[in-house]
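Each of the next two complexes has subunit A plus one other chain: subunit B in the first, subunit C in the second.
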Partner chain A sequence: MKILIIDDNQSITDMLQKYLRIKGFEVSTVNNGRNGLAAIQKQKFDSVLLDLSMPDFSGIDLIETLEKDGQLGNQRIILFTASSISNEIINSLLKKEGIHSCLRKPVNLSEIIQTLSLV
Partner chain B sequence: MTDVNGNLKNYTQELQKLERMKEEFLSIVKHEFSTPLVIISGYCEILTELLPKDNLTKDQLDSIKGIAKGIADLDKVTTKILDLYALQTKIIRFNKQQINIREFMIKFSTFYSSIMDSKDAKLINSVNEDYFITYDPHRLWQVLDFLVENALSFIPEKSGIVEIGLKYTDEQIIFFVKDNGSGIPYNETGKLFQIFFQIDSSKQRKHFGLGLGLPICKEIIEQLGGRIWIKSKEGIGTTAYFSIPK
Partner chain C sequence: MSEFSQDDSDEHFLRELEQEKIILLKLEKEVIENSAKIKKEQSIKLNKKQSVIISLLAAGVTAVVNSSFLFVTVLTGQQYKIENIGNIQSGYIIQNLRGDTIDTWLSGRIVSGTVLHVGLINAEKYPDRVSLKEIILSDEAIEIDDLLMHKGPKGNISTYFVGWSGSLKDASKQSTEFYIPTNLEVAYEK
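After this line comes the complex of A and B, so read on.
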């Protein structure tokens, strides 16, 4: 299973990459929204773990761009978000095609595996 | 009059802005505290659970497990401090849902069964009937968790008993968490809800901590329209009660 992790915190992406690779996933990581968008446009991932709160080009900007370009429905995005994002925003994003589920940070590692197994 | 209304409106908007800033600040602090903890505990899990066991000696493995335990404790303390701050500044949003108390209590006592076994203690769940309430399940769990954790600090070794049950009145439901612990002097029970208060700070003290559990319970219960109180007899045990409006 090919996974892309988009999160501006490199310590988080390094740890998750190591963890998920040991668990047998093929993992790529990027540390900003624009590189995330480029990676998604370049190749198909089975699942994308997307941090919503990133500076400059956030996860929400990325979702809006994919939606505008008609590419959102082809994705399986798991939102990966801090508690500062309101439930209203999360719920409206979850209604969009291509948005699979939401994991609230700080997330438990087994919860990530469980969610990925449902994608 | 128009000026007064205008000033009042500005003042209200300013207050709302401050509330939002407080909320945002708290969530940033929470995020900044918890992210490094998640990273450390993640690496501990990789080392202890995922890599081949023969790569590490027993001492190394025990040391990593010690780090993971310390991190879990630090995470718990951080959550308590931030929760209390959020509750006292009234920036916690409650998420009320319909809860079947009997099913909820089965989950709760199942979660606690291994903890009770490790302490040779018994948790009696006296909630046997289906009963529905509208409450925040996460906060209800948190309150019961604090009360049971507290009871565990005072029960006797090998023969400790903690019982959770319910009483109904016309207007409210009353939960109780009863233990057969050492009990609390009568004049101390009211002080238990004060922040940082710990019974017996010296020789008999078995439980170290910040003493934030009961003040957090009080804030949660009162903000959800109930009340919490404690009855205790030294040498016999303690019962914590809390009410939930119907």
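After this line comes the complex of A and C, so read on.
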């Protein structure tokens, strides 16, 4: 299962990549929204773990760009955020095609794996 | 959307930190378990390798021991051989009543007091009137004048035994270097 992790916190992307690889996932990482968008446009991933709160080009910016380009429906995106974004905004994002679920940090790794397996 | 990208609140920082901690602990546990598993697999492989080496060594030792036993058996057999007996090549002679001999070589060690087992092969080929068991187990002795057996002048009497048992028992009365078996058992074999 090919996974892309987009998160500006490099400690999280590095450690999560190692952990998920041990668990048998094929994992790529990027640490900003623009590189994440480029990676998504370049190749198909089974699942994208997307941090919403990133400087310069956030996860929400990425979703809007994909939506505008008509590419959002092709994705399976799991929102991954530590910010205090309201449930209303989260729910509105979850209604979009291609947005699968939302994990709020901190979250147990078993929950991440379970969510990835369900996608 | 910039309100989210610039969210640098303490709460956000703490959540990120907590998430790092969770991943780190889990990863550490996973790495330790994985390392232990790899070590165990390596240990099993090493044990298998050692087992193969030990088996090969054991096979080598067995071969050497067997060869030694064979060598010792040959050497032991030599001590039964009777040397300097004229034209006869071997140390053993089978002789019938008429004096015909068969030159043969057979060695064996029979421990004192043990039973000598005699196996009769293809016994059914011989006439029914001949009791093979009697030939081996009989203790009966007969006395025949040497003249009749063309061994000597009339009046000299020699003792002949009908079976092996009687002759062996008679021979065992004398002091011999090796044990002469007197307790025989006969079995028919195919």
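Please note the rule applied: the second predicted complex is superposed on the first by the 118 of 119 C-alpha atoms of A that agree within 3 Å, B and C clash if a C-alpha of one lies under 4 Å from a C-alpha of the other, contacts with A are read in each partner's own complex, and residues count from 1 in each chain.
Note that a contact is a pair of C-beta atoms (placed from the backbone, for glycine too) under 8 Å apart; a residue touches a chain by one contact, two chains touch by 3 or more.
Predicted, not measured: the structure shown is a model, and the values here were computed from it.
Consider subunit A as the common anchor and indicate whether subunit B and subunit C clash or fit when overlaid.
clash
Could you say whether A:Met15 touches subunit B, subunit C, both of them, or neither, answering first, second, both or neither?
Both partners, subunit B and subunit C.
So, does A:Leu4 touch the first partner subunit B, the second partner subunit C, both, or neither?
In the superposition, A:Leu4 contacts neither subunit B nor subunit C.
Which chain, subunit B or subunit C, is in touch with more residues of subunit A?
Counting contacted residues of subunit A, the larger count belongs to C.
Return first, second, both or neither, reflecting whether A:Asp56 touches subunit B, subunit C, both chains, or no partner chain.
In the superposition, A:Asp56 contacts subunit C only.
One more residue to check, A:Ala82. First (subunit B), second (subunit C), both or neither?
A:Ala82: touches subunit B and subunit C.
Once the shared chain is lined up, is A:Ile99 touching subunit B (first), subunit C (second), both, or neither of them?
In the superposed model, A:Ile99 contacts neither subunit B nor subunit C.
Once chain A of both complexes is superposed, is A:Val30 in touch with subunit B (first), subunit C (second), both, or neither?
A:Val30: touches no partner chain.
Once the two complexes are overlaid on A, one stretch of subunit B runs into subunit C. Is it 4-12, 22-30 or 148-156?
22-30
Check subunit A for residues that touch subunit B in one structure and subunit C in the other, and list them.
The overlap between the subunit B and subunit C interfaces on subunit A comprises residues 9, 11-12, 15-16, 18-19, 22, 82-84, 105-107, 109.
What residues on subunit A touch subunit B, complex-wise?
Within the complex, subunit A contacts subunit B at residues 9, 11-12, 15-16, 18-19, 22-23, 82-84, 105-107, 109.
What residues on subunit C touch subunit A, complex-wise?
So the residues of subunit C touching subunit A come out as 1-2, 4-7, 9, 11-12, 15-16, 18-24, 26-27, 30-31, 34.
So in the complex, which bits of subunit B are touching subunit A?
Its residues touching subunit A are 24, 27-28, 30-31, 34-39, 42-43, 45-46, 50-51, 75.
Would you pull the subunit A residues touching subunit C in the complex into a rising list?
So the residues of subunit A touching subunit C come out as 9, 11-12, 15-16, 18-19, 22, 52-61, 64, 82-85, 104-109.
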